[in-house]
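Pasting a structure here, questions to come.
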Amino acid sequence: MKYIVCVKQVPDTQGKVAVKEDGTMDRSKMAAIINPDDLNAVEAALTLKDSNPDAKVVVVTMGPPPAAGMLHELLAMGADEAVLVSGREFGGSDTFATSQILAGAISHIGIEADDVIFCGRQAIDGDTAQVGPQIAEKLGIPQISYAADIEQNGNTLKVKRVLEDGYMTIEADTPCLITCIKELNKPRYMTVSGILEFDKKPYSVFDYETLKDEPLIEADTIGLKGSPTNVYKSFSPPQKAPGRMIAANESGVKELAQELAAKHII
Amino acid sequence: MYDCTDIKSFSGVMVFCEAREGKINTTSFELLSEGRKLADDLGTELSGLLIGKDVKGLAGQIGGYGADKVYVVESPLLETYTTDAYTKVISDVVHEKKPEILLIGATNIGRDLGPRCAARLHTGLTADATHLDIDTGKYLDFLRESSTIDVDSMKWDMEDKGLKMTRPAFGGHLMATIICPRFRPQMSTVRPGVLKCAEFDQAKADSVVIEELKTDLSDADLKTRVLEVVKETKEIVDLLGAEVIVSVGQGIAKDPEKGIALASELAEVLGGGVVGASRAAVDAGFISGDHQVGQTGKTVRPHI
Amino acid sequence: MILDEKRLLMRKLCREFAENEFTDELLDRLEETGEFDWDIFHKMGQYGFCGVKIPKEYGGQGGDSLDYVIMVEEFAKVSPVLSLYANTSNSLGGGPLMICGNEEQKAKYLGDVASGKKIMIFCLTEPGAGSDAGGTITTAKEDGDYFILNGRKTFASGAPIADYACVLAKTDTSLRGSKGISMFIVDMKLPGVNCGKPEHKMGIVGYPTSDVIFEDVRVHKDDMVGKRDKGFGAAMATLDGGRLGIAAQSLGIAEGAYAEALKYAKERKQFGQPIANFQAISFMLADMATEIEAARELIYSTAIKKDAGDPEASKLCAMSKLFASEMCNRVAYKAVQIHGGYGYIKEYKVERFYRDARITSLYEGTSQIQQLVIANTILR
């Protein structure tokens, strides 16, 4: 039994965001972190593994070579195996092409009847929430997105799927893909022994050569060429007029109340 | 013969109208209102796609917000949303009707459904768009107003009739306009509450053409089973309609509970308002995501 | 020092753990009650912190001294007292066994100590024997397969919560000074072992310290650690490792106090501008930052040399502790100074750092004892 988790390294948009002159993001100037929702996905897999110790947790990412650091961290958290999908041919992929490549990589790892694939709901750089469902479609397996609770009974998964005004309880048989949200769990830390021994765990790099015989991987389904969407223009939104700070004391409160009243707002 | 790269064989704007429990959501009406403008710019027709169980009666509303035509697909298997059934029906309809544009509301369901459909149809999908344009001139007006780009010093293809889908990225620090030049339909999920809803037009509602389509959907197509659908008794955070919003940010880090309580109290005093939150406050886990406002959260139009 | 990937991950882990788990609420509770917090201790055990430096074959994590100092530094940065929680097992608690315990003893005790299931402490100081360990008057008299312990140890950190204590006692009263002293593992539940009342301390509140009284305590001879009458050397070797740990704790305290001062200096406005704009303040910050860097380099390189068996290691451990503990007191002093009157108020974090800093130049050998060790080495 395998739990395959797709993860992404993203620039930390919480900190300072660096924009280049041409309107694109300057990733080199920003700290790289593990996409937060993906950490929930990893935790979901590790939690299920805690009660199925024979299961293997395999983390997969597509990205440039420095993404290896993130995979090491996930191995130190408790993942059993890591795969870095990296190659020039994969560069410039949009969500469609990315999911095509990741689905190809997962096929290459091999999906068995009792496997579960986990993704984060969305990545904080693009916020698209597309790659998970598209991997599922390309692998021809069911998906359950926005998972806030997961229960596994043998080959059946019961998932609480969040809606705007409530939730659904959905059941699916393995193999299936689940996208995870923050409410699902609290990711664990690495462990000391995990850090000291991550390099003893299996680690592979899949490049184009490795994957080229996978049916999903074609020159016109991957990379820039295989991406149906293009960026037409990107730009920074105009700066809003700065708000005015009013002191957090009694006279400030009076001032605010007077102003709101003067404008007939209250 | 369906060929997603044969651009000329596609025409018309289609809006997926999401109906839950016999009610079409407001986002669908926003999309229809916007779809009307896009269809007019293209000189083509606007259709609504309504699927579910016993939903035909809702078709008039779709017309009232601008659709020329409503495609209705009914099946007992479509009563509650499932990814598999809805993806199949939508993809089948697209195969048959070949719209050049397909819009879906970026609700939790739309964001589950959209990517799956786009993958099956082998086309691009823009997530969470906040602005749509066909006409380049109108797009340039939009850029003049909402960007720092020196529009007039650049060359533009004014004849281009491709859909220009603009969306926030990198947590709203950047806006990107996405196009899908080589495949059809051009698909986008659209952020709820951003586009303006048109006035309801009773005459159009009465005259809308309804076309029922058959589906060969069967139990075997459904790979997931919905065991229950639960409405949360928790207070629904209605930021979109709120008159008063008291927003909290990272500043409440010291004592989130107290900070939120204080904000609720203030909102209450100001006349039954709602608590909003910055992305930072949501990311830090102080408050749930349905409180989030701004580029990556909900677009709000409060009084205060 | 340029750290490799594993050390950087170790630092990240320890930093994230401390920042998330050492909540203000927990720190205030420790301060108010003075009681040991078992929940956080067990969590430390679960993530492997209690056994960082204990070899894998004895149930530890198999890290080295550098991993250990990084952990203590990061923990102390947020909470000086909580840094002691994961420190003891790796230094004074597990140290004697790692240095001279036999296989049976290591197998029996180290695993539980490494995992945080059991707590082992070190009892050296006596009312009449502090810096002068040779003044030890606790005795262990042989009686068949047992030794009978009598005496009193004082300032035993962790005594009220300990399962075992490593105790130094005179086995040959005819020998003078540091000779004739042996080391024993004493089960704290044995009849005749009693703890005094926890001391009211200036700082590191939340890690209880008390006297331990031994009255005719029968300890099996299998629990004698190292060679008979040769316990003092083992105790000194244990203290080398301990000193490195206190140096790391001092470094962390200094970093924590400095960070508070830096933040405050940028926020606090006087004469219409942030006080950080004034040279009187910014130069203090510059000195603080410089001393912290210097201490870190000294401590990290000492950790590496100690593990490599460098003959200078003992001296370097004393130098690390001397410099870092004095440095952290200077930094904490300046941090309070930068805060002005606010630094004297308990609501401000520097107040606690200032009190916690004070112990570092006292325990596990005062600064003067470190000077003595260093002087003895360089004048030898």
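Letters are used for the chains, namely A, B and C, taken in the order the chains are written, and counting of residues starts over at 1 for each.
Assume a residue touches a chain if its C-beta (ideal position, glycine included) is under 8 Å from a C-beta of that chain, and two chains touch if they have at least 3 such contacts.
Keep in mind the model is a prediction, meaning the values are calculated, not measured.
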item: Interchain contact steps from chain B to chain C (minimum; 1 if touching); value: 2
item: Most distant chain from chain A by Cα centroid; value: C
item: Distance-to-centre winner among chains (Cα means, whole assembly as reference); value: A
item: Comparison of A-B and A-C by number of C-beta pairs in contact, larger one; value: A-B
item: Cα-centroid distance, chain B relative to chain C, in whole angstrom; value: 59
item: Gap in Å, rounded to a whole number, between the CA centres of chain B and chain A; value: 22
item: Centroid spacing, where centroids are CA-atom means, of chain A and chain C in whole angstrom; value: 41
item: Residues within chain C bordering two or more other chains; value: none
item: Shared-contact residues (touching 2 or more other chains) in chain A; value: none
item: Complex interface listing, chain C residues touching chain A; value: 5-6, 9-10, 12-13, 16-17, 47-49, 51-52, 61-63, 67
item: List of chain B residues in touch with chain A within their complex; value: 80-81, 83-84, 87, 107-109, 111-112, 114-116, 118-120, 122-128, 143, 146-149, 164, 168-183, 223-232, 236, 270-271, 280, 283, 285, 288-290, 295-296, 303-304
item: Chain A - residues contacting chain C, complex; value: 69, 72-73, 76, 189-196, 198
item: Chain A to chain B touching residues, read off their complex; value: 11, 13-14, 17, 19, 23-25, 36, 94-96, 99, 124-134, 136-138, 141-146, 158, 162-173, 176, 181-183, 227-238, 260, 265-266
